[in-house]
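Common to both upcoming complexes is chain A, partnered first by chain B, then by chain C.
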Partner chain A sequence: MASSTRKPGFVPLTVLFILFLIFLYGPTLTIGILSFQGPNGGLTFPMNGVSLHWFRRLFETQQVGDFGGSLSRSMLLGLAVMLCTTLFSLLAGLAYRRHFRGSTGLFYLTLVSLILPSILISLGIGIMFDRLSLAPGWYSSAFGAHLTWTLPFGLLIMFAVFNRFNKAYEAAAIDMGASAWQTFRLVVLPLILPSLIGVGLFGFTLSYDEFARTLMTAGTFNTLPLEIYGMTTNVTTPVLYALGTLTTLFSFSLVTLALLGIHLVRRRRRAAALTPESTL
Partner chain B sequence: MRSLARNPSYLQVTPLALVILLFLLFPVITILVVSFWDFNAYQLIPDFIFDNYSFLLTSEVTLKAYLKTFFYAFTTWAITLSLGFTLAYYLAFYIRSPLLQGVLFVLCTVPFLTSNIIRMISWIPLLGRNGMVNSTLLETGLIDAPLEWLLYSDFAVVLAFVHLYALFMVVPIFNSMMRIDRNLIEASIDAGASALQTVFQVVVPLCKSGIAIGSIFVVTLVMGDFITVRLMSGGLSASVGVLIHNEISLLQYPAAAAGAVVLLLTVMLMLSVLFRFINIKKEL
Partner chain C sequence: MNKGSVELVGVVKRYGDNLAVSEINLAIAGGSYCCLLGPSGCGKSTTLRMIAGHEAVSEGDILLNNRNVTDLPPRKRGTAMMFQNYALFPHLSSLDNVAFSLKIAGVDKARRRARALEMLQLVNMESYADAFPEQLSGGQQQRVALARALINQPEVILLDEPLSALDPFLRTRMRAELKRIQQQLGITFIHVTHSQEEAFALADSVVVMNNGSIEQIDNPQGIFRTPRTAFVAGFIGGHNILEGRLTADGLQISDDRTLTLPASPHAPANIEQVQVSLRCDHIRVSPSPFDAAQPLPLQVESVEYQGSYVHVRTRAEDGLQLSIHQPDTEYLQAPLHPGDQAYVGWRPDDLNPLQQPGPRV
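Showing the complex of A and B:
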């Protein structure tokens, strides 16, 4: 039925869209292929044999600085940022459902936090720690710097969620005698769970990949993006691509996991729902 | 005052407020204060001097860096806007199945969640002197010598910016388009407007806030960037961010702070124009 009523311009726009996807994914796929270069292969095509050589080299410490250490630091930092972003955004989202003094000011400051050039935050926190004679560390100053980037996203998502939230469900729970905590735990939380997974995913990946805000705040020990940046200047072998391929695969599997989680929550809810209109 | 104790909102909003206070407000105030300090090779000297600013504002290097940065910001903005609008328009008005729409939308957004540095590096095997583009062009006989301007050039910088930030345009514009009442489009066509007239006189005005939000993201990201310019120009170009980053590496914090303050004012001035077009709270 659809094909006979295709709007004019469908074909060129489809072609443009496909080209955009190639533009988006092509380079990543290219280094994905090149990371399997043979031991004598270089940074560009042609492939000089196929091997896992460069992936093995990745885990030899002397090859690429401290890959294992920076990876585990980035993971821990990402997890901490994820937990705090989810919790703090949820709490703030709940807070903004009522009026409170200073709400507008705080909202605008949160927006400023989102659009302030990252290098400013990095520099500011770096100098602040320096002046306070505190040693910057990935678990303290970089952690705070990352939160200034992830929390605005989290808060905006929570706004979007609660703007679409049907208050009738809460009212019904309270009418039936549920306490405030029960209403939250058994009614509100399950309804907003998919969005919370989304906020968590955002929190983790934004922190895991963050470079500019970590630059002056990480202290002595590098996070993974800083380590990769260091490699770009002194590593001239496909080991760089192997690292890129691994981190990209890692990010992709996280996204897939989160999407799967959201899908499962939604399906379970749909199965549990007695009437079709009770889904969010 | 009674409401302060009674209203749980104050307690709930405390973690967010603390993060903003400690890691946004205090650092920005620190930068502002330090930008008036003096410094030598070893230490910062608390003072109240305008030397950092007068040096910054009279230097030709600064002027060049700002012109370069404006050039990057404007070119990237123009390209991402036209590309993002077209792609969002296709997704919103040409794809009818909500499932396919969702899948394509996710395909467009996933790269945003992967490492920016890796995405930049991944252009090297394509654009380098012996890269895929050059070798293909050489083989087909279209060029006699490898093109030198593909990598480590302004072209590479803008290409990387578009690659990294196009989705910041696609997402908000798509979001506004999905809220347009489809009857308005039909009405426009029934009233005799051509497809292009409908796009420019009905769709564009109705998603101007999405366009403004996307523009805010792209403009601020490009204006404050230093790593894309550093990597993709091979150190040949200096944007404002690169200058600040250089001063940081030399531990000239007051000079870097003054540079950051001027950058902040410039960005705020540019955004004040864009913010006229939107009501953020209404958008969510």
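Showing the complex of A and C:
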């Protein structure tokens, strides 16, 4: 053991870190465990048997709440936000590689929507739609509200991506006769693709669980987070926890799939390369 | 001039108010190996990028094969550039990297792959055709980058510090490889470097640059035997630079010391303050006086054994300082130690008059 070489701060900091991890994942785990509550169990411990009862109940018609509808709305909204965030962050990131007139001002304007409290933006958009006599909806006003949140994040990620991007790759492509479009399509895009996928996933998850910005903008039909919140006051069974477990699993599998995809591509490349005798 | 000749006429590069390259004129013969040599920020890389077309020229013209290419895009010039750190595309295999420009040119897959494989064979990398850049060592990456630059049969290859990313052992090997390929293909290589050793080993002509201008253009022997300015003598090393007043007897360094100058038509005239260079290995040093030794001995400050020679630093009371490379056999016969008196001497012809930087006389 290397305990003799440990610095004095090691033990207290480790304890602090473990506490932080419990704080971070404890609630999710608690809900995960409680979702397997027996048919006669309640919303709190102790567990009254173990069953998949509440997961089955989830897919039956509820007295209150509309899981299916709100889930599909959240998914559609998340996908639309993901696509727009990826596309516009990429374009904005490319634009910011060169200095253009008003670039600094535009950047600060973009940041403002990160700094302003979400609920105020939500309220503002809701009032604006009302003033314009437009009906707010999850596909219009809420969509815009989500973009005010995801686009600045996407842009900041693209800044980091292009900061690290070696311009010699582009110069090399141009040296070999590639046009600006060919350079982008054959060199720049493949190289930043993993980051773009990251921006997309980020945009999706930010939108998928956004509450405050949806609250005043969703209109008649609720997204999933609004529906769940509504149900916490009405539903008094662990079916709520089953829903939480299911959506968490869904998010996790999405991230896992993305990581797995990247890993597989890397492995395929490595396998493709021969390992011949060294020439140097 | 034959195929692959490059000519720069009054080329200037400005970044805002900063002058990066100030009106340089340079003619590089086709099929020759030319090294642009100088310290960082001397304008050598900028000059290379202007020849490649990656940097706009502020003033002047660039001619390739007597064709004005100043405003042509890189690909239309007949040049190919090898970038510092090679800039191999990380997402493509060696073969696809080499075939990239053919893909751009619309050559079908089978033909461009066959051609790329030929180029990889030229640099002995055919067995790594499917490897990705991250799987290759620095030297291997460099070979692939060279193959990629060669595939379009350019008349001029431009290399930006091509060996700087390699360890010293590989550097020497790749140096020989570059020279072999250049001679095999007979095309012009323009190679930017800050290493005089590299330039001397490779170049047919060395262009020494400083502060955005050319200090001297010559073959390696010419550069080393007769450096034109104090900067060149200092940069390539192995030279002492002596400064004094020109008198009827020679170069007066101090009240007690006047050095005899060679009777040369190039000797500067009518200039009070002049500089000369004196090669460290052309100074004879001995603990006892000898014919042609300077009458006043110097004091040994340090002695460093270097293998084939010993580096002796000496200083006189009148301020004269000399670095001497003494052959190790001589040193072993009569070793000098710090604090010793040392007599030094050289032939008057070994004093090489230096010029002030500026236009060549």
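Quick notes on this structure:
Quick note on the criterion: the second predicted complex is superposed on the first by the 250 of 280 C-alpha atoms of A that agree within 3 Å, B and C clash if a C-alpha of one lies under 4 Å from a C-alpha of the other, contacts with A are read in each partner's own complex, and residues count from 1 in each chain.
The criterion applied here is as follows: a residue touches a chain if its C-beta (ideal position, glycine included) is under 8 Å from a C-beta of that chain, and two chains touch if they have at least 3 such contacts.
From a predicted model like this one, the values you see are computed outputs, not experimental measurements.
Between chain B and chain C, it is B that contacts the larger number of residues in chain A. After overlaying the two complexes on the shared chain, residue contacts for A:I174 are found with chain C alone; chain B is out of touch.
Contacts of A:V239 after superposition on the shared chain: neither chain B nor chain C is touched. In the superposed pair of complexes, A:P190 makes contact with chain C only, with no contact to chain B.
In the superposition on chain A, A:Q182 contacts chain C only, with no contact to chain B. In the superposition on chain A, A:N166 makes contact with chain C only, not with chain B.
Partner chain A is touched in their complex by these residues of chain B: 3-4, 7-10, 12-13, 15-17, 19-20, 22-28, 30-31, 34, 83, 86-87, 89-91, 93-94, 96, 104, 106-108, 110-111, 113-119, 121-126, 128, 130-132, 135, 163, 166, 195, 216-217, 220, 223-227, 231, 241, 244-245, 248, 253, 256-257, 260, 263-264, 267, 271, 280-281, 284.
Per the touch definition, chain C reaches chain A in the complex via residues 52-54, 73-75, 80-81, 83-85, 87, 89-91, 93, 100-101, 103-105, 124-125, 127-132, 135, 137, 139-140, 143, 148, 152, 170, 173.
The touching residues of chain A, counted against chain C in their complex, run 166, 168-169, 171-178, 182, 186-187, 190-191, 269-270, 272-274, 276-277, 279-280. By the touch criterion stated above, chain A contacts chain B in their complex at residues 2, 7-10, 13-14, 16-17, 20-21, 23-28, 30-31, 34, 43-45, 84, 87-89, 91-92, 94-101, 103, 106-107, 109-113, 115-121, 123-128, 130-131, 144-145, 147-148, 151, 155-156, 159-160, 163, 201-202, 205, 208-209, 211-212, 215-216, 225, 228-229, 232, 240-241, 243-244, 247-248, 251-252, 254-255, 259.
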